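Below are two complexes that have subunit A in common, paired first with subunit B and then with subunit C.
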Partner chain A sequence: MSEQTKSKPLIRLENVSKSYDGGKTYAIQNFNLTINQGDFVALLGPSGCGKSTTLMLLCGLYRPTEGNIYFGDRLVNNVEPKNRNIGMVFQSYALYPHLSVYENIAFPIRQQKGVPKNELDRRVREVAEMVKITELLDRMPGQLSGGQQQRVAMCRALVKNPNILLLDEPMSNLDARLKLEIRDEIKKLQADLGLTSIIVTHDQDEAMAISNKIAVIDDGIVQQYADPNSLYDMPKNLFVASFIGSPPMNFLEGEVEVFGDKVKFKNDQDDISLPLAMVDVDRLTSSKVTLGARPHHFIFYDDQDVPGNTVRVHVEYVEPLGKELLLKCHSGTTPVRILSPLTDREFEGKDIRVGLQRSMINIFDSETGENITIR
Partner chain B sequence: MKQPTIAEIDRKEDRKARRRSKRFPFMLMSPFFVLTGLFVIVPILIMFVMSFTDMGLTLEWNFIGFKTYARLFADPALKTIILRTFIFVILGTICSVLSSIFITVITTFYLDTIYRKENAGIIFRIIWLLPSLTPSVVYAFIWNYVFGPTDYHLMNIVRSWFGLEPITWFALYPQQILFLAVVITSASSSIILFSAAVRQIPLHIIQAARVDGASPLYICRKIVLPYLRWPITQKTLWSVLIYFCTYEIIFLLTKGGPAGKTTTFAYYVYQNAFNLKKFGMGAALAVVLVAMSALLGLLVLRVFKVNEQLQDPRMDI
Partner chain C sequence: MLIKKREDQVKGAWRYIFLLSIFSLIIVIPYAWLVARAFTTNTGEFTLSNWSFMWKETPYFRGLVLPVVWKSFGLSLLFASGTAILMLALTIPTAYAISRTKFPGRPLLTKLMIILDAFPTVALLIGFFYVLNAFGLMNSYFGVILIKVGMSLPGTIWLMKSFFDHVPWELEWAAIVDGATRFKTFTKIIIPVVKPGAAVILINSFLSGWGEYILLNLFIIGKSTTMSTFIGMTLNNEGKIAVPFGILAAASLLYVIPVVILFSISQKTLLSVQQGGIKN
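Here is the complex of A and B:
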């Protein structure tokens, strides 16, 4: 938190909209985002949500249709990419195929007039060393593996000492193990250099692991902009709740009634009473709500000793995940996934009652999709 | 009789299937083989044999060994024609390749990729395609209209605007006009090839270069031109071979004149064989033409280091 108070906003997007067809449809609309110096921000969303458009607007390859983009106090709407001092890593790496690795990395420096040869050489080698590709400098890009190409692309983005680093799905073409490795390296590099970075990704694990702030985007709108933990614990609406977390959050539809200092959640299957202080009843537009509970927020009881406030589920089958069990169940017709600690108990094909960790669940208004839980 | 075992039957079937699958591609290609053999290979062989005769109007196969070749090289006019042909081929190839690179870069790279004016680029390219799409007779007719000798031909009309007298263009500048006509057609046809190559460049690479601060000219030099290396090689080779054989546009525009000024080797072959009906001589000249173009073609392959290009892993991502 002290970090945030210290740092000042570096990038501001104010009501930015971008349309490719003259205003008929918008890739992003009324987009607002403030990124502080030193932040590592992930733009997370399903494909086609406008996250790549946002990155293109930031690097200056696209111009906003409406709204303003500021770098510090400078309005950059119409500033050419080359004058923005940004480094960018593309999804396809976009290495120049006819230039050697060395020349690829030297390319941005060669565009800065008047850099002497030995200075250029020193900077290329320095950054190559940092990313550990010194031995590849003489190769051609076509001779490199995906991971090596990715590193070269990183070098090329970093060599000009950019103010901002933009990463467009930089790891989507790597295999799972390499992904983890590169992810750690990028995170470490970013922290060491204190470089303000923005990563576009559709992989929520990647976003959670690498960034200190995540903007969840859907339909060209920022759904929620927060640090990974609050995004996970207090998703602002149903979209964010369903998008973040794997296995995803379970949703039970029902209605609420207020009884004194309790709120009763009710559907065909179950009755669950919650403390009134937990639900912001003033924001309810109707009595219809959706109860969201993450798979590991369920409590198991012995068959004999089941208290109230439980959900009755039918376990279809059990998937052993090694360290725990994933129960695939149904509550009525709604699919429910529950994580259980390893146990000898037979679940498969049985009806069981499970409790909820009530302090961890979220209540959403079914009409608006907004989270109306109070913590 | 002993029944064959299942293993034997399998082996037999396998052999049969393999033979069939080996034959199949040749069966598919057989029309090609027959047609090429009949209309290309056999005539070439006949022509080669014919070059050792002094066949004339009577079409007699009268073998005289290398005498036709001796006579051919003794002809003092031939030296001028060969020199003229080489200048025509080399200069024509250079001009047409360079101009088509230039036009491609302007229309496909600058207009389409950098300025995002796709429609302007397409319209410009279509206009540039017209010369190579026009049948050569029509094309020659247009050039005849433009550079005709009377008051009513286009260039003379233009001259009249400046109060100048009409001139006989084809008599004064036959080589220049012919050269222009040939280069424009050839440049026009290669624009398709080059544009396709430019369009193949992944957009991300050009975007990356722009983020890196490269100017369009620099991107053009360091990224676009290397991508064009292979099509440029192809086009240069093709141009060399085509220019050696150019004769119909000469026939339609100048008939090799005036005073033989526009007679290239190919047209000389045509004159000998079909105007003078010296078929033996024509065949010998044609063999020389093939030898010359093959030589220059091989030189092109060497200059462009085609072996290297073929070995190179051409990275397309």
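Here is the complex of A and C:
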């Protein structure tokens, strides 16, 4: 596939809203999203955020209350699911329990008129081969394990060569190890086929690992739409910052003052001065800001040799994670989680001063929640 | 230690089997008697003459002329099948609609169904008489089928609804996304999944039609000739048995045979619960 077709927008949602009760409440509102050919997009958000609604709108089971959905240049608002050429894997897999695995996979082709029998057989076996379930074709869904059922559901979604693959929490019913295995397989399959895919998930690890673009959704609105790294390093607002990352980002509330080419972050615990070029002070709505630092973006010093610009924390207790320690601390009343690579140092019960990797921290306007860091 | 425990279990099991055997004897003995009596004379010798009503042209015993049994048998078959088919034809679409769609009055309707299901048919006999008369359905088997179906419909719809309730939405959605029409989704996916439920309703209504006696004898005045009345006619007006025991036993056995056949065919379907494919 050439670069040019790869970057062509395939799916566009323009100001899409969906209400189930005639406009009283909205599951999603003024939703905008552009998905390019070949993208693997994750819709990530807490439950009830509207991510499943978005998927239902894309597959055509729901119709938008307002706004437009385009596949390429074609407006598909009122196009029936069967005319959209999409494959879908449901959370429960939704295999037809009375049909064999073979017939389950053949079902979508049987709905297309005039596919000859040998062609049907060839396609079913081809897709079964691809997902490595050829030996299961004669079984009934009830005789399969969760992972096998998941694979059959994938086959059924892929057998009609869809333009778009939709995955609704496809791995939430699998155990942790199988999840990793299937995740890799789906990612490989998607890359091999160059198939534009959209996955709905509430699991951020899954979203980060599998997709090349993530739309973080909350309250029916796309909070941020970016590749996994920028989402992690430069979250657009406090919601994305707190939702992405495990253990989550630490937030310290404070006020800022500008001193020459420095910005001073201050609360009743600490004073931290930052380069002015790092903060977009024009976007500040008040002096109140939130400083966000991920647990592994702290610097440890020897007890005697602590410079300024540090955060004072009290370590409540320590969780050894093997290659590092997770320190559960408090800065004043604010809980702070810090990952320390110094596994042999005694931390528990102590007051320590830790520095910040200044190039990695984020400053948010506390009122608007927007990230006002400049990189 | 382990072996002792197993012995205890086996001892315990025998206790249950013994108890169960005693209770089942209460049911088994009459049937055993029925089979034995149908093939023996009054003095206990083996004979097939008790079954002669099946091939005699005008079977009569002690002055009582019995109707031709095959006519009764066929009529009962028709009446029971008619009841079962009409019941299923009305139950499935209604139950599906109540299970899947929201419409004004739905909560009231479902409550009403439970109340109506509790209504005894016998309490409404006089009413039925007037209704059948008004519609010109007196002395008609179809009229009796309508009453039977109407009276059990609320219960069967309720039963079928619960089967439809257990079909996940995702199954329907999957079929629609796979390109099936609404109708095909219903016939190819939903119906096969609720097949055990449909089978229960089909068999129960067939049996209820096969065993119907009161309604037939009340509303088909003086000329009902189904199997149940055939058996009934072996009694005289004082309620005493008017034909030899052997013949009554043979006729009763004939009456039971279709039920046994039906159950042995449908047993697997009735007991099968479609599982897998959907994880909650």
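By our rule, the second predicted complex is superposed on the first by the 368 of 375 C-alpha atoms of A that agree within 3 Å, B and C clash if a C-alpha of one lies under 4 Å from a C-alpha of the other, contacts with A are read in each partner's own complex, and residues count from 1 in each chain.
Operating definition for what follows: contacts are C-beta pairs under 8 Å (C-beta built on N, C-alpha and C of every residue); 3 or more make two chains touch, one makes a residue touch a chain.
Quick caveat: nothing in here was measured; it's all calculated off a predicted structure.
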Subunit A as common anchor, with subunit B and subunit C clashing or fitting: clash
Partner chain in contact with A:Pro81 - subunit B first, subunit C second, else both or neither: both
Subunit B versus subunit C as contact partner of A:Pro97, first or second or both or neither: both
Partner chain(s) touched by A:Pro248 [first = subunit B, second = subunit C, both, neither]: neither
Contacts of A:Pro108 with subunit B and subunit C, given as first, second, both or neither: both
Partner chain in contact with A:Gly332 - subunit B first, subunit C second, else both or neither: neither
First, second, both or neither for A:Gly146, with subunit B first and subunit C second: second
Footprint overlap on subunit A, where subunit B in one structure and subunit C in the other make contact: 59-61, 81-82, 86-88, 90-98, 107-108, 111-112, 140-143, 156, 160
Subunit B contact footprint on subunit A (complex, rising order): 59-61, 81-82, 86-88, 90-99, 107-108, 111-112, 140-143, 156, 160
Residues of subunit C that touch subunit A when the two form their complex: 168, 170-171, 173-181, 184, 189, 192-193, 195, 274-280
Contact footprint of subunit C on subunit A as seen in their complex: 59-61, 81-82, 86-88, 90-98, 107-108, 111-112, 140-144, 146, 149, 156, 160, 173
Subunit A contact footprint on subunit B (complex, rising order): 202, 204-205, 207-215, 218, 222-223, 226-227, 313-315, 317
